[in-house]
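One chain, chain A, links the two complexes that follow: it is found with chain B in the first and with chain C in the second.
Moving on, here comes the complex of A and B:
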C-alpha cells in the first residue's frame, strides 16, 4: 500500500528539470510580486503566465481537482465575507463612488467595490497555480535541500524531509490502530455526538503518539550515529547543479518581479491601479 | 592475535541514572582487529547497553555513570564524542525500516557524507562504489516502500560503510526479519567481513540463525556480566545456554533428546560443521523407538473462508481464491512473507475490509453483513506492538475499555476483569499503572483486553516479535493455556520456532494464494513451500539427512511431539 502526501508526478518537462532550489526561488519571487501589486493588469498577466506554466508541466486536472475545489470555495467565501464586513472599502480606496445598484441599508453595489474585489480574487487565484506547480513538480527529496538553499537552517529543513518520509508510515499506523480500536467497540461514525467522538478519537491518538515516540527514538539514534548535527552546514546528495535552464527561469522570475515593482512605482505611483480617475 | 586490541574494556561498570543497580558489572574484554564476535544474552542482560557504550549512544543519548576504562583504538571513549566514535564504529540498528533516514536509497547511503559537508560529486561517486559493494547500485532511486527487508538491510549496511569504519556493530540485525531474509542478512555480513577484513560485532539472541556462518568468538552476557567467552563448538557443548535461557540450536536439542552427549570434538557449532557419523546410530534408534502420535481429533467447523478473493484497487489481487476451514479449539499459524496477504486475511475476517468474492462463514453462517463491532463479539484481534493498542494509563481501565464501550454495567465489569486478569497471570497488578509493566506484560494486557470480550477466536499478529526465548516461551505457554480453555487461536507469524513447537497446523500464503495447509513438520521440510514463503529449512531436516533417516518429515514430527510432551509434563508439574 503506497500512500503519498501529494502525488509528485515524474515526467520530463522543462519545469521538472529545474532544480528544487530554482523552483522555490521563482515561486517566492512571483508570490511576492503578486502580493505586492494591486494592479489588475499585472495580476492578470501573472495569472496567465502561471496557468501557462501549469500547462507545460503536464499537470492533469484530475490530480489537482480536489485542491481547486477547496480553493474555489475558500475564495468565494472570502469574497462574500469581505463584502459583508466592508461593502464600501473600494470607495474609500479609489476615492470615487459609482453606484450600480442599492441592496439594503449600507449595502450597495459600486463599481469601485467590484473592481477591488475582482483584483483581490485574481491576486489569490494567480498564486494557487504557482504553489501547485511547486508541490507537484518538485521531487520530495529536493524539498529539504531547496529550503536549506534559500537560508532555512538545515535542521529545520531536515525536519520537513523527515515528515515527508514518515507521513505515510504514521498514516498507515493511524489506520491500523483505528480499525483495531473499532473492533473493541469504539464508535467513530457520525452517529455519535461530537463530544463522544472527540473522546473516542483520543483512544486512537494516544496509542499513535506512543508508537510514534518509539519511532522517533530510533530515528534520532540512527541520525546521531551517522553524524547528524556535527557541523554548522551540510551538503545534499540530491542537490542539482544549476543549469542554463535554471538561470533562465530565475531571470524571467526576477524580470516579472521587477516589472511589477516598476509598474507600481513609475506608472501607478502606488500599489493600487486606479481606473476611476 | 599479536596486534593490539581495537576495543578494550577494563573493569568497566556502567549504571544508568534512572536505574538503581549497574547494568554492566566489571566487564573485561579485548576485541582484536578483524575478529567476528557474537554477543548473546537474554533481554535485559545488558548486551544492548554494551553496544551503546561502544557506539557512543551512551553517554550521548542515554546518561549514566561509568567506572573503569573502555578504549577504542587506544583512546579512552570518555574523551571522544559520538561523532568521532561513529567514524571508527559504524552501527546498524535493528529495524532497518525505522532507521531509513532518506527518501531514497542513494540519499540514505549518503547521509553520513552529507553531514560531513562532502561535495555532491564526490558523494555521488562514493555512494555508487559503496552501493555496488552491497549490490544495491541499481536501486539508488528507489524509495524505502519499494524495498524488501533484505534490501533495506543492505542499504543500512552501505550507509555505515560509507565512512570506511574499522568496526561494524550490528544491534539485533535479525529482529523483524523473516527466516530467509535473516539468513541472507547473515550471509551479507559474513561476505562483507571477509572482503573488507573489518572487525564485526553482532548483538543478537537468535543464536542458531547467526551461526549459519562462522563467528570467531561468542560472548554470553547475563545480568550485566560476561559469563562465557567461547567458540561456537565449545559453547553449544556446554550448559551455559540452558542456564541463561538462550535457545540452543534445534539440532543440538534433538541430539540431546536422543541421548547423545554433545562434545566439542563433534564440531557442533554449526549444522554445516557437525560430525554425526559416530552418533548416527543413536539418533536412528531414538527415532525408531518413537510412537507416532495419532492426529488430534477435530472439533466442529468454526471459521470458514470459501473462495475468498480481495483487491484494494480492483486491479492487483491481494487474496485469490482462499479456502480454509478452522475447527473449534484449533491453534493455527498463518505464514508467508511480507505482502503475501497474511494481514489482509485478518482484515477481511475482522470486517475492516470486505471480500470481493466468496464467503466468510462462522459456524456455517455468512457474516458478510456483520459490522466490525458485531464481528468483534466472535473474533478478537491483538496487534503486534502493544503500544498500538493501549490507550489508558491504568490496567483496569484498559481491560475495561471494550466492555464500557459496549455499555456493560460496572458491577458486571469488575468480576469479568478479575477473572481475565487471573487467567493472564496479571491478577496482582489489577490496580497498577501500565507504565510499570514490562513489554511482555503489556502484551498480556492487550490480550486480556480482548479476551475479556469473550471472543471464540483470537487472532494475534506476530505475537512473539522481538521477544527473547524466555519471554517468547512465556507468551506461547500462556496462549496454549488459553487455547485449552476453548479459545481458537490463529497466529500470523513468520517465526519458525513458533510454528514448529506450538501450532499443529500451518496455512502458508504466497502471492495471495494458499500454497500449503498442513503440519509444520511438512511445511518446514518442503523446499518448494519454504522458498515461496521466505522460510528456511529447519536444521532438524539436515540432521535427519545426515544420520540417514529417509523420512525427514516424520523425524521433525517426532521431535515436535516429544518436545510437546515434555513441556506438558513441566506444565502439569508447575500446576501441581
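Moving on, here comes the complex of A and C:
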C-alpha cells in the first residue's frame, strides 16, 4: 500500500495564491460546464484551458503520474465496453448513419459512433486536470472553510475536514494491524485462495473499526467540551479574504460556464453538437 | 425513541472517521469483478454498519465523502453520478438505525432480516435507478451498458453490505451491555 497519496506543496504561483473558496467555485463551475456540454469544440477548449492552468501552477508530471495511468486505463476500458455494449449508440444520438467499415454481426464502424466516443473521451479527459489542480494546490486546512463558503453546512464541512485529517491515521493503523496479524501467521499474500484472503482481510478490518469507534467517542467528547455545534454559524481560522486575483479567476470561470451553456442553447439547440446534418 | 435525523457532535465525528475508513477500503480492499469498471467493494459493508449505528445523515455523508475523495485522489475528479448514488445508498441504509436494537446489545434473526431488507432496498434504488439514470443524464452513456453495470453493482454491494455489515453488527452487539443483564440479589 502506498502511504502517501497526493501531496500539497506550497509554490508561489497565481493558482496557489488564490483562496480555497475561489478554487472550489472555479472547479465546480468548470466541471459542471464540462458535464453539461457534449460539444467537442467547447470540450477541447476547456481541456486546453485546464492543461494551461496545470502548466502555470507548476505541477510536475512526477506528482500526477499514477493518476494519469489510472485515468488512461479507465478511459480505454470505458471506450471499449461502451462500444461492445452499444456499437450503434452514436447513430441513435445523431440520427444519421455513415458506415466506414463492417466488422462482424452488429459491429461496424460508423462515423457517428467514432465521433460520439471521441467526444466522450475528451469530455472525461478535460475534467481530470481541473480536479488535479484543485487537489494539489489547495491547502487541506482551507478545504472546510471553502465548502462552508459555497453553502455547505459547517457541520458537513467539518466532517470532510475530519476525513482528511484522519485518513493518514486510519491508513497507518490499517498497516500496523495488518503487519501484526501477518506476524501472527495470517496469510494475506497471493499464495492463498481469494476466498481465504478475503476472510483474512476481515481480521484487519474488524479491529480497525472497533478502535475507530473508541476514537469517535474520544474526539466527539473533546469537541463537545470545546463547544462545537452550539451556534448556527462559525468562523474559520484558515479563511482568506478574496483579492483582485480571486475575482479575476471567478469571472473567467463564470464566463466559460455561461459560454458553454450559450453554445448549447443558441448554437447547437441541444447538448450535442451534430456535424452530420 | 431515537431521533432519526438528529445531528450531534458524535454523528459528525463518526461521519468524518467513517468516511476515512470507507475511503481506505474503497481504494485498497476490493475484489475486481469480471465486468469492467465494477468490483466487489467491502466499503459498502462498512457503510451499512456505520449507517445502522449513526443514522441516515451519517450514512449518506460517509458514502458520499468517502467515494468522492477516493475518486478524487485516484482519478483526479469524482465520478458524480456514482458518488451521488453512493450517498443515496448510505442514506437508505441509515433507516436500519431506528428499527434495530443493536445499541441495546441484541442483534438476532429478526433484526438481521430487517437490516438486510433495508440494505437490499437501498442498493437497488441506488444502483439500479439513481446511478444509471444520472449516468445517462450527465454523461450520455449507452443505456444497456449502465443498467448492466448498475445491476451488477447492486448485487455485489448487497452481498458486501449483507455479509460484512451483518458480521460487524453481530460483533458490535456482543460488545454492548444488554438491558436487564444485571440482577439484584
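The working rule: the second predicted complex is superposed on the first by the 272 of 277 C-alpha atoms of A that agree within 3 Å, B and C clash if a C-alpha of one lies under 4 Å from a C-alpha of the other, contacts with A are read in each partner's own complex, and residues count from 1 in each chain.
The rule is simple: a residue touches a chain if its C-beta (ideal position, glycine included) is under 8 Å from a C-beta of that chain, and two chains touch if they have at least 3 such contacts.
Everything quoted here is computed from the prediction, not taken from an experiment.
With chain A as the common reference, the superposed partners chain B and chain C fit together side by side. In the superposition on chain A, contact of A:21 is made with neither chain B nor chain C. By the touch criterion defined above, A:42 reaches neither chain B nor chain C. Seen from the C-alpha centre of chain A, the directions to the centres of chain B and chain C diverge by 60°, a value given as a multiple of 10 for the model superposed on chain A.
When the shared chain is aligned, no partner comes close enough to touch A:256: not chain B, not chain C.
When the shared chain is aligned, chain C comes close enough to touch A:31, but chain B does not. In the superposed pair of complexes, A:210 makes contact with chain B and with chain C alike.
Contact with both chain B and chain C is seen for A:219 once the two complexes are overlaid on the shared chain. In the superposed pair of complexes, A:81 makes contact with chain C only, with no contact to chain B. Of the two partners chain B and chain C, more chain A residues are in touch with C. Using the contact criterion defined above for the overlaid structures, shared-chain residue A:194 touches chain C, although it does not reach chain B. Of the two partner chains, chain B is the only one touched by A:181; chain C is not.
Of all C-alpha pairs spanning chain B and chain C in the superposed arrangement, the closest lie 6 Å apart. In the superposition on chain A, the residues of chain A contacting both chain B and chain C are 1, 161-162, 164-165, 202, 206, 210, 215, 219-220, 223-224, 228-229.
The touching residues of chain C, counted against chain A in their complex, run 7-10, 12-21, 23-25, 28-29, 31, 36-37, 42, 46, 49, 61, 65-66, 69, 72-78, 80, 138-145, 148, 164, 167-168, 171-172, 175. Taken together, the chain A residues at the contact with chain B in this complex read 1-2, 140-141, 161-162, 164-165, 168, 173, 176-177, 179-187, 202-204, 206-207, 210-211, 214-215, 218-231, 233-239, 241. Interface of chain A with chain C (complex): residues 1, 5-6, 31, 35, 38, 64, 67, 70-71, 74, 77-78, 80-82, 85-86, 89, 93, 120, 123-124, 127-132, 135, 155-156, 158-167, 169-171, 174, 194, 198, 201-202, 205-206, 208-210, 212-213, 215-217, 219-220, 223-224, 228-229, 271-272.
Remark: chain B residues 55-57, 60-61, 82-83, 86-87, 90-91, 93, 95, 98-104, 106-107, 110-120, 123-124, 127, 144-145, 159-160, 163, 312, 347, 350-352, 372-373, 375-376, 379-381, 383, 385, 387-391, 401-402, 405-406, 449-450, 453 touch chain A in the complex.
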